[in-house]
Every structure is written in C-alpha cells, then in structure tokens.
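Note that subunit A is present in both complexes that follow, paired respectively with subunit B and with subunit C.
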Partner chain A sequence: MHDMMIPFGPAHPALPEPVHLKLFLEGEEVKDVDFSVGYNHKGIERTLEEMDFSKSIFMTGRICGICSSAHSTCFTQGIEKLLDVEIPQKAKIIRTIVFELERLTSHLLWLGMLGHEIGFDTLFMLCFREREYVLDSLELITGKRIVHDINIIGGVRRDIPPEMIKKVNKNLGILKDKVDYLQTLIKKDPLIKKRTVGIGNIDKDDVEKLCLVGPVARASGVPYDIRRTDKYLIYDDLNFKIVTQKDGDSFARAIVRVQEMFESIRLTRQALTLIKPGLIRNKPAMTFTEKEAISRVEAPRGELIYYIRSNTTNKPARVKIRTPTYANLMCLNKVLVGNNLADVPVSLASLDPCLCCTDRVTVVREGKEEIIKLEDLHGHH
Partner chain B sequence: MKLIEELKKNGKVYKEEKNEVWFIIPYKKIGDVMKHVFDSGIIRVSSISGYDNGKEIEVIYHLVKENFLLNLKVPVPKDSSEIQTITDMFPGAFLLEKELSEMLGIKIIGHPKPGKLFLPEDFKGKPPLRK
Partner chain C sequence: MFHAIVDCVGDGLIVDKIKKYCLKKSPWIFHFCTGGCNGCDIEILAAMSPKYDFERFGCLVKGSPRHADIFLITGPVNKKIKSRLVNLYNQIPEPKVVIAMGSCALSTGIFQKAYNVCGPLDKIIPVDVYIPGCPPKPEAIIDGIVKGIEVLAKKVK
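Presenting the complex of A and B:
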C-alpha cells in the first residue's frame, strides 16, 4: 500500500484545463498515478454527424483554440479525399502558412506556461508579448487571431496579396530575433535547468511502445513527424529539419519546441516566396457516396488523425478523431512516477497536454443520449 | 510485402490506395492477425474507430508504420459484441479500446483495466454511439 493519495485536479495549478490525477505517494515521491478525463465533453463527434460537411469544418476548428487550423485542415483534407478533389497549389501554400504560424503560437504559449509553472513569470510575459507578432500576422492573413477558419472544401477562404507578404515577413524577422533570445535564456538560465533537467524522463522504447507522438516523441529521439512521412500540403517542396533530442526529459522537450519555432519561421518564409497569382479554390460538386477516408496531419502537439465516413447524404456518417494529447496521456505513468510531488506540475506541463482536444466525444445527460442541434450549441458556450 | 500476403489468407482487401491498404478481417481471427502484424514490425496503433452500421459494429484498427497505413476492419455482431484485446501486444491501444468499449458497447476481452474513460463510472444506459 502507498502512504497517501493526493487528488490533483480537476481544477489545479498546472493547467487551466480540467484533468483529474490521483497521485499515490510514499513520502514526497510519486509511486503511482491514475487519471480521469472527460470533464470537458463537448459532444463534437456526434454533433458532426448532424451537420453539413461544409459547416462541419468550422465546427472542427472549434475543437481546440490552439490547434484550430490543424483540426480543420485535417478534416478538410479528409473530405477532399472523399470527394476526390485536388486543391490549387496556392491554397496548399496558404494552408501551410497558417498551419506553421499556428504551430508558432502554440509553442510560444507552451513555453510561457512552462515559465509560469516553474515560477518564472517573466518568461511567461516575454512569450506572450512575442506571440503577438504571430497573432498579428494571423489576423492579417485570416482576419482572426485565433480559430482562423481559413479552410473551405476545395481550397481556402482568403488570398494573400503581395503587400501582406511583406508585412508577415517583417513580423517573422522580428520574431526570429526574439525567439533567439528566448533560446539563449532557456539554455543558460540555472532556474529553468534545475527544474527541468532529468525531470519527467521517457525513454525511446517507451515512446515506441506507447505510441507517443509529436515533440514528446521527438525529445526522446524518435523522429516521428507526419510532415515528413505523409508529405501533405507542400511540405515535400520545403526544406526543414526534424528537431530531435536524446534525453527525453522536460528540458529536452523544451529545446525541441524552441528549435521547432525556428523551423516554423523558416517554413513560413519559404512558403511565402512560393506564392504566385492563381486560384485559391476549386469548387467541387458536393455529391457524396458511401466511402471512408483517413487523414493525418502533424498538429503542434503531434499526429492528429481523422477517420471520416460518408454516405449518400451531405452529412458525415461517422467522424472519429484521435488527438495528439489523447495518445500522449499514456505516458503519464512513466513521466510522473519516481518524481517529487513538487515536480508534477512541471512534468505534466512539459507534455503540453491539450484537454480541449482530448475530451470531445458525446454528450450524455441524465443517462440519455442527446443529439445536439446547432441552436443548442449557440446557447451553451 | 510479406505481411499483406499473410493477411490475405485471413481476410479480404476491399480498398487499396497510395500507402493505404484496407482489409476486412473476421472477428474471430483478430488475435492471430494482430500477431502477424506485430511480428512484421508494425508497432504503432494510431487510432481505433468504431461505427454502428445498423447490422453490426465495425471496428477499424488504424496501424501505422512511417507513411504506410494498414486499416483492419473487423465486423462484430451487435447482440454478442465482444472482441479480443490488442493492448497486450500494443500498449498504445489502452485508451482507444476503453473508448471503443464505452461508446459502442463492445466488451474487450482481456483488457488490463476495463472501465469508463470519458463517461462517468456509474453511467447506465445505451452506449452513446450505438444507433
């Protein structure tokens, strides 16, 4: 038996999102972990079955505020597979740009949260200040700071004119220097090192066995990246490297994400140079048949995978979403066991969990299933 | 590929695309089939989808090796829905099987820790995604 069980959450100091952990302790050391999720049910998979394909893209964009365009790109890509439609090159470029800018906002937000966890609030402030350069660029391109909704079936919603390219490039130039400074800060600051080096280790074998994804996998030396394996959008034409680290601790995960920010800046700049005048949308005939498709993208937190099934109506018969945090939850045991209780928030935050994405499935009220209508959703935020 | 030949003995290919193969496998054979898959070096389960088509529950395993996607569709009868666990071979399927079990009412035989994932522990009623 363990000495003590500490309930951690659902509302707790590590994350603004709800997850409940049961930490079994002996003294200060965590010996076992049990977790429960589901506090954030939004009923999205079932809601999608009640919605037109053309509307449901915008619903998937609202699964999560930070990986909004990852979700909608993945879903749209799946629908385009079902319809057998090829999108124009320019639309692919614009999708890639928004996707990479979103990765930048996500990683900056994460770094800020890490700073906050270890009591280094200046880092939090710095990250959120620098994040504005990306949000400004996203607002310029899509018209929105978060939940960009740039994708529509067959292409994108808005074009990027030449004067916009200049402004975005300027923002990226400033941001690169800022991220450079953040990188130096992380590598040199003794406080960050003391709280993260050797904390929350996952080794390479566990990553492969537990099917972990994204920066968590890459920080343990597994170069698993859908941008490289699937070559979706225009990633095949762009030059980028997959950042990996060997140590698999919280520090390695921080380094991976910071260096990925440089890669994202490089990718966005390359993509901006490829923009040429042309179509941004091929309008497809929206006739669906009984078909199924699978679509994958590399979201900021790792592999995101959608299974979409259509029938002869214009609504999906089934959408199954497997989000990256869902996959990474499996490593909580490995990451937290053996640590001090005080290190739990940092280790947990170092995984960059996004529970909005994880909890989505079906709404159940008073033991009865309920199909949600759009009007209901408007009433319940 | 050797694995594909092996799987063709146990099931039927119903769709083939670039880097994707879709199989139908009888549910009684899933244990053997998964062993072949595991032995061939595919160790990543990316997702497990379930769909109630009215007559039966279709369980679809999405297994991944780099850019190759192997999809195994296993139709499970609705009245006695149960299926062998794959968590013993693929520990990454732990949560996916729990979700499949609670949402579509399929009993996972041999799951190391059966129970609810998203639904409350005391939830009683029809599995939410059954039609």
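Presenting the complex of A and C:
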C-alpha cells in the first residue's frame, strides 16, 4: 500500500518518553500514522481506588512530573467538592501562584525542547538557564523543584512569608526580561521560522471537530481556557488575557506559549500582591457519603478533568482522569500526514505531548461484558 | 567514543591506556524512561543546562545505546517496556555502567501496588549506582554520574 514503514520510538532521540509511532511513507512524505501507547501505563486509576484520599493526592501529583500541581490541585478540588469544604482565600492564592509558576516551567521546557528538535541547541540551553529562576522560586515556596506536593485537603501545606514574596518578585522581574529576549529571538530568527512556519497545520474547524484543548486550540484561533470558563481558585479576581493566534501552525503554537509566559508572570505578580495574613487550611471532617464530583483545571497543556465518585469509606470508589494530551493526540493524523519525515519531530513536539499523563486503559467493545486479561492488553499494538 | 578508537586501532597495550583515559574523560550517557512521571527526566535535562552542566565531566547524552557507556534509567519498569529495556541493555557495548535514578527505579516507590509495574530495576538488569530522591536534584545526579565514572574506571582494569 505504502512504500515503507518507519518505526519511531519507543526509544528515540527526539522523544523524552517512550511512545511508538509507525510512519507510513511514500518517498519522503508521511502518508499515514499509527500510534501505540502503553509504555508508560502503570495502573494509577486502579491504585487510587486502594488508597486513602489524603494519601492519594501525592499519588496524583506523581502522574506527571511536569504538570504535577495541576493534577493534584484538580484532584484536591474534586475531594473538596465531595466534602463541601470552602478553602481559605490565602490557600487559593498560594495554589494559584504555584500553578502559574508551574505553567512557566512547563512552557520554558517546551520551548527548549522545540529548539532541541530543530537542532538549535543554543535555544535549549537559554531556556533551561532561564527556567532555573522559576525553579528557584518554586523551591523557595514549596521546598521542591519538581513535584511540589503543596496541596492537602482543605488548603495548602506551607505559608508564604513576606520576605519570600520579595525574592519571588525579584526572580520574576529578571525572568520577564529574559522571556522578552526569547520572544524577539523566536520572532526574528530565520532558522526557527523555516522549520516551524506552515508545518503541522490545524485549522479552526478541525479544532472544533476533534475537541482539541489548550495552547494547540488557542493557536488555531479558538479562545478556550478553563481559567476563564470555570473561574476556579482566584482567577475571577485576576486580570489576564487569553492569548490566541490565527495560523494554527507550529510557529503559532510557539508564539502562544511564549505570550502565555508573560501572562503567567503577570498573574503570579498580581496573586502575590493579594496575600494577606490568615489561615492556610480549613481542616475538614473526613466523612464521605455516596457522591460524585467533576473538577476541571487548565493545566499547562490544556483542559484536565477529574471525575471522582466516593462511597462511605475514605477511599474513592472510582477516579477517572482525562488529560489534555489525550484530547490533543486525536489531531496527530492531521498534523503529521502530508509533511516530510524530517518535520515529524518538530510537529510532534509542537503539540507538547505528555505521555506519562496520558497512558490510561480504555477498552471499547460493543455487546456483552467480557473479562480481559492483562496479557491481552499488552498484546495490542 | 572509545569504542570507535578500539575499532580503528585494535587491541594492544597503548589501546588499553587510551581506553582507560577516554572512558574516564568522556563517558557517554544513554537515558531511558521506563514509565515514570517525567520528573526525573526533566531533572536530567536541567543537569545538562548551564547552571549545573554535567558536560564538564565529558558526559554527553546520546540518542543511541550503541554509543553509550552509561545507561541512566528512570521509572518503575512497566510490563510492556520490560523486554525493550532488556534489548537496550544488551545493545550497549561492554564495559557499561547502569545507574538507577529516582525512587521509582530504586524500589518502584509510590507505584509499588500498581498492577502494571514489574520493577524495581535491579530485579531485571544489574545496577551499579543508585541515585535516591523523588526526583533527585541535579546535584545528586551529578554525584551519581561521577560515582558511575569511578565504577567504569574499575571495570576497565
């Protein structure tokens, strides 16, 4: 049918995580793509059902190291809905600050990886140098660089004292100048433009049809942002704009992410000014009833949804996680097909896939119920 | 790097010296994620970045196992990736050092009870150096790699 099939992964220099792509080529052009995941699947949803609610927050934080606080905030919000607890304003502010700083690290990491994929390693080094300012601030606030574990049921684990606010503000000031430089670099550099403009196009119709989320949707002109639609945490009180671009190619996605970094810096600074002395946790009574809750947040990669069902025990009856990358992988066919083989890493990276978030098992079968063994699942490719 | 030299010159006394020198000075790293949370992987990238810069020890992260001397592994090994991990381990030429990084690789950590995990790593392939932490800081990674280089130097003798 096609000239040749090239396996891409699971261990590939362009991929930080294991995933397997089968690229069907005719000459240099990609004609079809087949996708196989499962190299990252551990069975987290099942394990959560056997864990205490208070412990499982730390488990959800370890679903993904890059958007760790997005996962744990979303899950904690869900539990707080189940318990009907209102958390103190200060806890909300601290969660927002950690959340936005995490978005900054994620976007800087992504920009660095894009530079690495197109062979522009200087950009990778620059991004990672600037990223240390954010990581230092996060370490100051939460005590850890990655996987922050700041959330507990009813509030947060640590307070932000006034001298910390000064240091974080100083770091953000330095970072803003650096991101400004990165923006001019991306807009002016001919190498980046040649490798990204017009590569991996997704138009607005496809975004709406395939229900894409996050920066990928916004780069195609769909202003979809959970921070605006759901108004969770303190986003209602903060002033920010939703960055959109029209073109929908890899370059537009880069611009969206860079401009979102400015918005994140602005949001963090506004949130820091709102901090007033007060409680950081309302300790709730841990009595659960049969109830369900859905919680949504805007993770760095897009909309993240948690569905939690509780029973009378202190363990969840069911947790279902829908990650942004799962939604965005649907457009893989649109993005890769028609491009050259050499552009595959760039277009793939421009979607910012995070596969350790994504690896869930869903078996869709029609008709009667049947038991599927683990070996059968591993057999599927 | 030294494998290339050995291929060109063949075995001999001088080659042994070059071998030892090169391995100490430029151990190349192959990094593989066996299904962790990416926290460790991005800390490896951070350790490569200008602030920590483990390239000053001659280390380079390479894309192919056949170029590598150090196998840096993160994550609790999951069932689907186990056979691929063993394949990659066999493709790395001797002498090689295996470094297990992060709580997951050491003891499967928080994923101990997950059904699709068959780690820890040292049940599957022999491990020389362990770097604990969830995730380890770049300083710890550099320390682990320096210890790995010492092990490598002993293996060459």
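Here, the second predicted complex is superposed on the first by the 359 of 381 C-alpha atoms of A that agree within 3 Å, B and C clash if a C-alpha of one lies under 4 Å from a C-alpha of the other, contacts with A are read in each partner's own complex, and residues count from 1 in each chain.
In this section, a residue touches a chain if its C-beta (ideal position, glycine included) is under 8 Å from a C-beta of that chain, and two chains touch if they have at least 3 such contacts.
On a predicted model such as this, the values are computed, not experimentally measured, just so you know.
With both structures placed on the common chain, the touch criterion links A:Met59 to subunit C but leaves subunit B unconnected. With both structures placed on the common chain, the touch criterion links A:Arg145 to subunit C but leaves subunit B unconnected. Of the two partner chains, subunit C is the only one touched by A:Met125; subunit B is not.
By the touch criterion stated above, A:Gly38 is placed in contact with subunit B and with subunit C alike. Of the two partner chains placed by superposition, A:Ile174 touches none, neither subunit B nor subunit C.
By the document's definition of touching, neither partner reaches A:Val197: not subunit B, not subunit C. Contacts of A:Arg46 after superposition on the shared chain: both subunit B and subunit C are touched. In the superposed model, A:Ala11 lies in contact with subunit C only, and not with subunit B. Comparing the two complexes, residues 38, 41, 46, 359 of subunit A contact subunit B in one case and subunit C in the other.
Per the touch definition, subunit C reaches subunit A in the complex via residues 32-43, 45-46, 48-51, 62-65, 76, 78-81, 84, 88, 110-111, 113-117, 134-135, 137. Interface of subunit A with subunit C (complex): residues 10-13, 16-18, 38-44, 46-47, 50, 58-59, 62-66, 68, 109, 112, 125, 128-129, 131-132, 135, 145-147, 354, 356, 359, 374, 378.
Touching subunit A in their complex are the following residues of subunit B: 15, 19-20, 22, 43-47, 49-51, 60, 62, 66-67, 69, 71, 90-96, 99, 103, 116-120, 123-126, 128-129. The part of subunit A that touches subunit B in the complex is made up of residues 36-38, 41, 45-46, 208-212, 229-231, 292, 294, 296, 303, 305, 307, 309, 317-318, 320, 322, 326-327, 329-330, 359, 361-362, 364, 367-369.
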